[in-house]
Each structure stands twice: as C-alpha cells, then as structure tokens.
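Before I ask anything, let me first share the structure, which is written out below as structure tokens.
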Amino acid sequence: MTPKELLFTALRHEVTPRAPWVPFAGVHAGALIGANATQVLTDEDTLFKALMEVNRLYRPDGQPVVFDLQLEAEILGCDLAWADDGPPSVASHPLADTMTVPCKCKLPKPDQGRLPLVLSVMRRMKEAVGETTALYGLICGPFTLASHLRGNDLFMDMYDDEDYVNDLLGFCTECGKLMCDYFIEAGMDVIAVVDPLVSQISTTHFEDFLSGPYTELFDHIRSKGVFSSFFVCGDATRNIEAMCQTKPDSISVDENVDIIAAKAITDKYNVVIGGNIPLTSIMLHGTQQDNMKYVVDLLAQLPEYKNFILAPGCDMPYAVPIENTIGVAQAALETESVRAMVANYVSDTFDVDVEIPDYEHLERPLVEVFTLDSATCAACTYMLGAATAAKERFGTEIDMVEYKFTEKENIARCKKMGVKNLPSIYINGKLKFASIIPSREELDAAIKEVL
Amino acid sequence: MSILNDISENLQRGKAKVVKELVQQAIDEGISAKEILENGLLAGMSVIGEKFKNNEVFVPEVLVAARAMNMGTALLKPLLTGDGVEAQGKVVLGTIKGDLHDIGKNLVKMMMEGKGLEVIDLGTDVAPEKYVEVAQAEGCQIIACSSLLTTTMGMMEDVVKQAEAAGIRDKVKIMVGGAPVTEDFCKKIGADKYTADAASAADAALEICQSMA
Amino acid sequence: MDLYLITGFLGAGKTTFLRNFIHLFAGKRVYLIINEFGKTGIDGTLLQEMGAVMEEISNGSIFCSCRLDQFETVLAAAVSGEPDVILVEASGLSDPTNIQKILSQGRLDVIQYKGSVCLVDACWFSKVVETARMCRKQVAVSSLALLNKVDAASPEQIEHTEALLREINPGIIVQRTTFGAFQPQWLEAICPEPALEEAFQNADITLQKACVIFSPDITPVQLKGFLTLVGEETYRMKGFVETSSGLYLADCVSSAIKLDPYAGDVSADDRGKLVLLAGKGMRLRQIIKQAKTWYGQWMKEVQYG
C-alpha cells in the first residue's frame, strides 16, 4: 500500500495498519531549504523545492501544497502585510466601510494574484510525488474569507443584517467552489476548507449561517470525486457536531480540542478526525523526545487506527525544529519501535554501561552517526548515507559508526553524550550536523578540519 | 430597581437602541449616573464577561453587548464627571508589533471597560517602546499586550525590557495574552500576568489596579 | 471601422457630450453602444437624422467582466451592420480595460480601436477619484480628457483637477469645455494608450448596485422624499417610475435630485424600476433599510448586485 493509498483508506473510514501522517508544513517548508516565508509563498521554484524537501524528510502520507488563507483575499483586493517567518496577514478590509456583496465577476480567476504560481506548483508536485503522496489543496473557508473582506464588523452584522451576512457568505462560498475546481483540476486529492474563525461563534450561529454554505461546499467537492477536510483552529469543541453534519470526509482540530473526546462525536457521524500535535508547546518549543512521546501517547489512546489522521494542530510555525518533525514522523511511521525508545528513554532504572571513546586521543577522526533508525526514518537514512559516502571517499583515514536509537545501549550512549536531536553527526565527540543533512562539501570540510 | 435590571438584560442581548432609551429614561427618573453605570450597564457587561469565560457566549455576542454599553455610557458621560465616578484604573493596550490581529485585543478592551477601567487602545502592530511611552505619559498602571502569532509573541519580551530601561518597571504591571501565549511564557519573559481569556484579563486588571491604588 | 470609447464618471456629462460628438461623423454610418443610464438622453430624431443605430446594454455596467459576453455579442452585431464608426459609451462605474481584452482576442479584428476620451466633471472629480477606483483607470486609458462644466467650477478647482489628471496620466491632453461641447480639431488627440500596468489591475469589490421596484401608487412627493433621503449615499440614481400622477423620470447625481414627468415611450419592463449605484464608503444598504421604515409600503422589492 502506498502512503497515499493508506491515507485514502483512512478517508474511506476503513481500518489502517498505522495512523496516516499529514505534516502541515506551510511556511515551515521554507525552513528546510533556508528560504523565508515570503519567498516560499511568492517564488514558484522555492515553493516547489521546499515542498519536495518536506516530502523527502518527513515522509508524509499526505501534504498540503500551500498553506495561505490570504490567497483569495489578496485577489479580492485586500492589502497584505508580509513577514519572513509567517504567512502574510490581511492589512485592509475593502468592505470595512462598504456593506456590499461583490459582483460575481470579481471571483478569482486562475490567472489572478498568486494563483498561477500555486496551480503550477500543484501540477509539478502531482507529477513529482503524486503517485505516492496524497496532495492537499487548501482553500480559505467562507467565514474567514468574509471576515477578511468585511473586517470585524462581520460579527456585528450577524445581529444587524442577517441577509447581508448570508449574501456575503454566499459570495465567499462561490469563491470556495471555484478554488476547489482550480485545485482539483491541478491534481489535488483532498480539498481542505480552512476556517479558523469557526471556533469564535456559537453553535446556533454556525447552524444559522454556516451549515448551509459548508454542506454546499462539501457536496461540491464530493461531486468532483475527491476527498474533503474541514480545518478549524481554537476551541471548536462545541461546534464539532454541527461541523460533522455538513458532511465533510474529515475534520482537523488543534490542541484546544480534546481530540479523543471529539473523536467520540466524529465517530458517531463516521467522519475522520485529524490532529492535534500542539504547535507551540510541543512542536516549536519541545524537544524531539517530547514530540515522539506526545505522538505515541496520543496514538496509544486509540483502540484501532480508524477514522484518524495524525497531524499538527494547524499550519506549523516556521521555526519548528526539523528534528521535532522527524521525531513525529518516525513515531507515526514506526509507532511501536518509537514507543519502545520513549519508554527506554524515560525509564529511571535504566543503567546500561556504555563506554565513551577518548575523543582527545583518537588514532583517526571518528564520525558518529546517531539515528532514530536509518532503516525506517528518511532523514536518518540520508544522514547515514552522507556519512557512508564520506567513509568511502576517505577510506581508512577515518572511522565511521552508526548508533540507532532502537537499541537500549545506544539510548544510554545518547544520554551520556547529551545527544538531543536525531539524526545527527558527531565528529570526534562534537556535534557537527543536526537534522539538516550536510552536503558532500560541508561534510568533507568538517572532516578535513580534524584530519 | 427594575429599570436597571432591564438595562442589564437588554445589554446582554445586544439591544443597543433599547439600552439607550432605557438609560435616558433612568436619567429622567432621577437615578444617578453612577448607579445607572454600575448597576445597569457594568452589571450587564459583567454577566456577559462571565458567560464568555464559561464558553456560553462568543465573539459576536460580546461585540453587540459592548456596543449597547457604549451607547449607554455615551449618554452618561457628561453626567459622570461631576458625580464622583472615577475610572478604576488606566490601562494601555495593543496588539504587539508585527501582528495585525485585533479581535482578541478588542474583546479585552470591552471587558476592561466593562469593569470600569479606562483603556487607551493603541491598535495593532504596536512597537514595544510605544506602550512604555504612553504608559509613562498617561500614568497607566497596566500595559497589556496581545499576540496571535508564535512569531510575534517574542516581541513581548521587549516591552518588559523597555519598561525596565525607562525605569517604570515598579510602577506598571505588564499583562500578556493571546492564543499561543502561556503562563510559562509570561514567566520566562518576566511579565507580570497571563490570562487565558478576555474576561479573566479584565478581572485581573481590576485586581491589579485596586492593589496598586 | 473605427471604434471610439467614451468614458467618464457618472454624471460627468457623457450623454450631452455624445449628442455633440456624433455630429463630427455626419455622413458616416454610426453605431452607438450605450450603457443603461444613457439611452433616455439620446434624442430619437437626432439618431434618425444621422442615420445612426443605437443599442443599449442593461442590467449591469457595460464593461463589468460578468457582462463581457453580452458586450461582445452587441459588438459583433454592430460589426455585422458594417458601420463606419462605432461609439461605445462606457458606464461610469465600468472597467475600461475590458474593451482591450475583448479586442485583443482577435475575433473582431475589423475594428480599429481609435482610443478613449474621458469626460471629467470639473467640480466633482477630485471627490469621486478618492472613492472610485475605476475613475483612475478611465483617466489612465484615455489620451484626451474633456474638462466639462468649467463654468460652474472655480479657477482653483479647475487647476486642481487638471493637476490630478496629469498625476494619473502624465501624457493626457486636457481641454476645457462646457455642456459637453467638442471642437473638431480635438479629435486628433484621441489615440490608443498603452495597456495598463499591473498596479491598476487590483480588484475593486466596493462597487454597489441596488434596484428598487416601486408600487405605482407612490406619489411624486413621496418618491422625491425617498430620493432625497437615499441620494447622499449614491453616485447615481436613475429610472422610470410609475407614480399616482403618471410616469416620472428620476435622474440624480448623488444628492442633486432631478425628478420630472416623462412623456416618452418606455417599455413595461423598465417602468417602476429605480437603479442605484454607489461605491466605497457609501452606506447604500443601510440607507435603503432606513428608507424602508418611511417608504416601505411603496417599496415592492429591493434587489442587490
């Protein structure tokens, strides 16, 4: 079964051998190749290269092609404020002082704004990895898009002029349907409708204003023969049931929702739930161990892998340490072996005696590669591959050894040496490369320094 | 008094026009502005705040309630100056530099005003030195910073540093909040108070101001 | 065959100008394409004398992208009649760059695009240019600006307006006039401008349109009351309204209200319908809602968009 088929199986509500894994690497994809957020979202080749790196390092079953809820708003005349380390923000709301519903002729066309770039990258990704990886096309949800256009007055309009809100949401729903069409035509397998603001309204308001538009959107996506997902942010717990009733194939939530409790509701409607690795406390600020532990603990709460997708809570922060996501990926793909690692790592009774080399008095340089498991973890495979190739080039001039975290004594070694992130390369006991695979030149230079 | 109850009830339902009419009626009946404010408008806003905290009402409900409150206070303002009613404290508030999100910040403002605090709203994308400058010039007891982005929350540390540099750290308390902000983060950057929601922020701000009075 | 584009914001005097302009083409076969607010101003006998044909585009701005298909159909019909000259009067809220889009598709290459002239209200322009993005576009695509109504404007207003026009389009030639009068020698100044740059291509989603259908028992006084209340929040209001005292033509530019009995022929479809156009910052929807509390019993239907 290809990773893509695994995800499809889950979206068809069947049992999967492991939990499908979908890293929401939006601007974070840029961090993998040293490009900033603005470059990732405005330069086609940069975006493509970054997404390919996500695919290579994180081994996703599915991945979004671009995570930018401002794409439609920009075309509709909102000014954007760009940032180096995050997606752009909407800086002006054209309808803030003008209570009108735009003419349908203003709806985005494929040659407007950044759509040509996005559609082209979608096609290139489909061509490059589409056989094995499910691709997500993300559209801005009608409520969030309406608030981009109208600003905060939208909330007040819900009391003052319900017809207006309905009409404006109707326009935004049309916009969403068009975007679905463009994205599906460009090869997307799953359309995710992303509406963070849904968590800010009551269930009554959701039912009054959004049940209709969402049902229409998901019907439309279904009629096109692809899967759908409904992304929310924030504490949307109370609205999960109403969201299920709009009939998406899946729902994705963040850490503000108790995903196990929410799953009881989504299961009732036979909807897949995805989430909800905490973005800030775990992915951004936690260690690799924290990330692996969080995932195996979460997965342990599931009686079986059915109607569940493992994913970050939302768009990953730009600066999430790469090793953290690698840890998450490994925990998703090799859950049992990572569970053992985590258990061994935290056990206090653990006292395997390991001998640390006398780095000051080595006969020749020693390259030590620490991996989660080079057989199963993609980043680890590449890291070991780089070291093996160096060993071939330098021959007997250097020594090279791999320590897999799957072995108890290697965990002890890591603890003793203070190795925090895997995979990494140490040369003569000093950390040289962590998570980011060095190029041949970089690695050779680091070795020559100590020859 | 039932008219004050009516004001509170209608405010909670966001009936701005009715609130305005009732406030005028209460004034005409000779009820003091202070009483109308405290037992009518602020009482209603306080209920909304509590319900918001408990996830019983949400952003739209708070916004319309606050609008109703503003309609009422506009009528009372000219009467309040001579009525011995003073603000409970002064807060300078804004969304931190680099961040344009203002829903949460606006809610905090409304809730704080609902507690009788005076709030100076600097809007969004506010430079750390600006908070300090205004706090100094206006004699605020509290600087309150909001952030929705993981990338901008770090800026809040600069507010603490700037306040230290300006020598007002002992005179002003710094409050932080927003989706990615946590208690740990608040401690780490040396801020004084983190609250998880707007209503709690208003409660905490009132408490701080009273303790500093 | 030659095609001239006549642009200018609502109420700038395009219709009056057309009556003068058409005389330049005496002896030639002229085909007029007029937006929905223009037709009533053109005298049928004048057309007959000139041997000109007129076609009106209704239900939306002539160049609004959503009506492009309709416009192209009308244009194709014009071409099939083999006129010498086609004059296109673009609605004051329409996007003039759309004509370039249609002509560049190559399906109508018998048409020689001669360029655009922009009618500018000397008193009003500096105000509308702030709110209506289309205004800038119309100036930008025009090689000649006709500064109309200079008799009503102060020298400072005229100077200021001319400076504004040159700021938007540095190469534009400005001629001052009154009542849309046009000197034959100015025709040479009309020539195609280069295609607009990307900066002008941002969508403007703030144009507002509403249509109010009245019941025929409304009195002219009540109708005038409605227009006076609502006018301030609009650029333009126009329509034939059946009242208790017969048919009236409402033809208003913002709060300048004009409401007169109308004796001409009007099709049943057009009767009773008032079209309102507004732009950024105008509270059209709110004011109509307010008007309902006073005039609601005569407002049978309100349509938006």
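Order of writing sets the labels: A, B and C. Residues in every chain begin at 1.
In this text, contacts are C-beta pairs under 8 Å (C-beta built on N, C-alpha and C of every residue); 3 or more make two chains touch, one makes a residue touch a chain.
Everything numeric here is computed off the predicted structure, so don't read it as measured data.
**Student:** Please report the smallest number of touch steps linking chain B to chain C.
**Tutor:** 2
**Student:** By mean C-alpha coordinates, which chain is most distant from chain B?
**Tutor:** C
**Student:** Could you state the distance in Å from the CA-based centre of chain B to that of chain C?
**Tutor:** 49
**Student:** What's the distance between the Cα centroids of chain A and chain B, rounded to whole Å?
**Tutor:** Averaging C-alpha atoms per chain gives centres 36 Å apart.
**Student:** Where the centres are mean C-alpha positions, what is the separation of chain A from chain C, in Å?
**Tutor:** Result: the chain centres lie 51 Å from each other.
**Student:** Which chain A residues reach two or more other chains?
**Tutor:** none
**Student:** If I count partner chains per residue in chain C, which residues reach a count of at least 2?
**Tutor:** Not one residue in chain C touches at least two other chains.
**Student:** Inside the complex, what are the residues of chain A that reach chain B?
**Tutor:** Against chain B, chain A makes touches at 81, 83, 85-86, 89-91, 152, 155-156, 158-159, 200-202, 205, 233-235, 238, 279-281, 284, 317-319.
**Student:** Tell me, which parts of chain B touch chain A in their complex?
**Tutor:** Residues of chain B touching chain A: 14, 55, 57-61, 63-64, 67, 98-103, 106, 125, 149-151, 179-180, 182.
**Student:** Spell out the part of chain A that touches chain C in their complex, as residue ranges.
**Tutor:** Residues of chain A touching chain C: 75-77, 94-95, 97-106, 112, 149, 161, 164, 167.
**Student:** Going by the contact rule set out above, which residues of chain C touch chain A in the complex?
**Tutor:** Contact set of chain C toward chain A: 60, 64-68, 202-209, 278-286, 289, 304-305.
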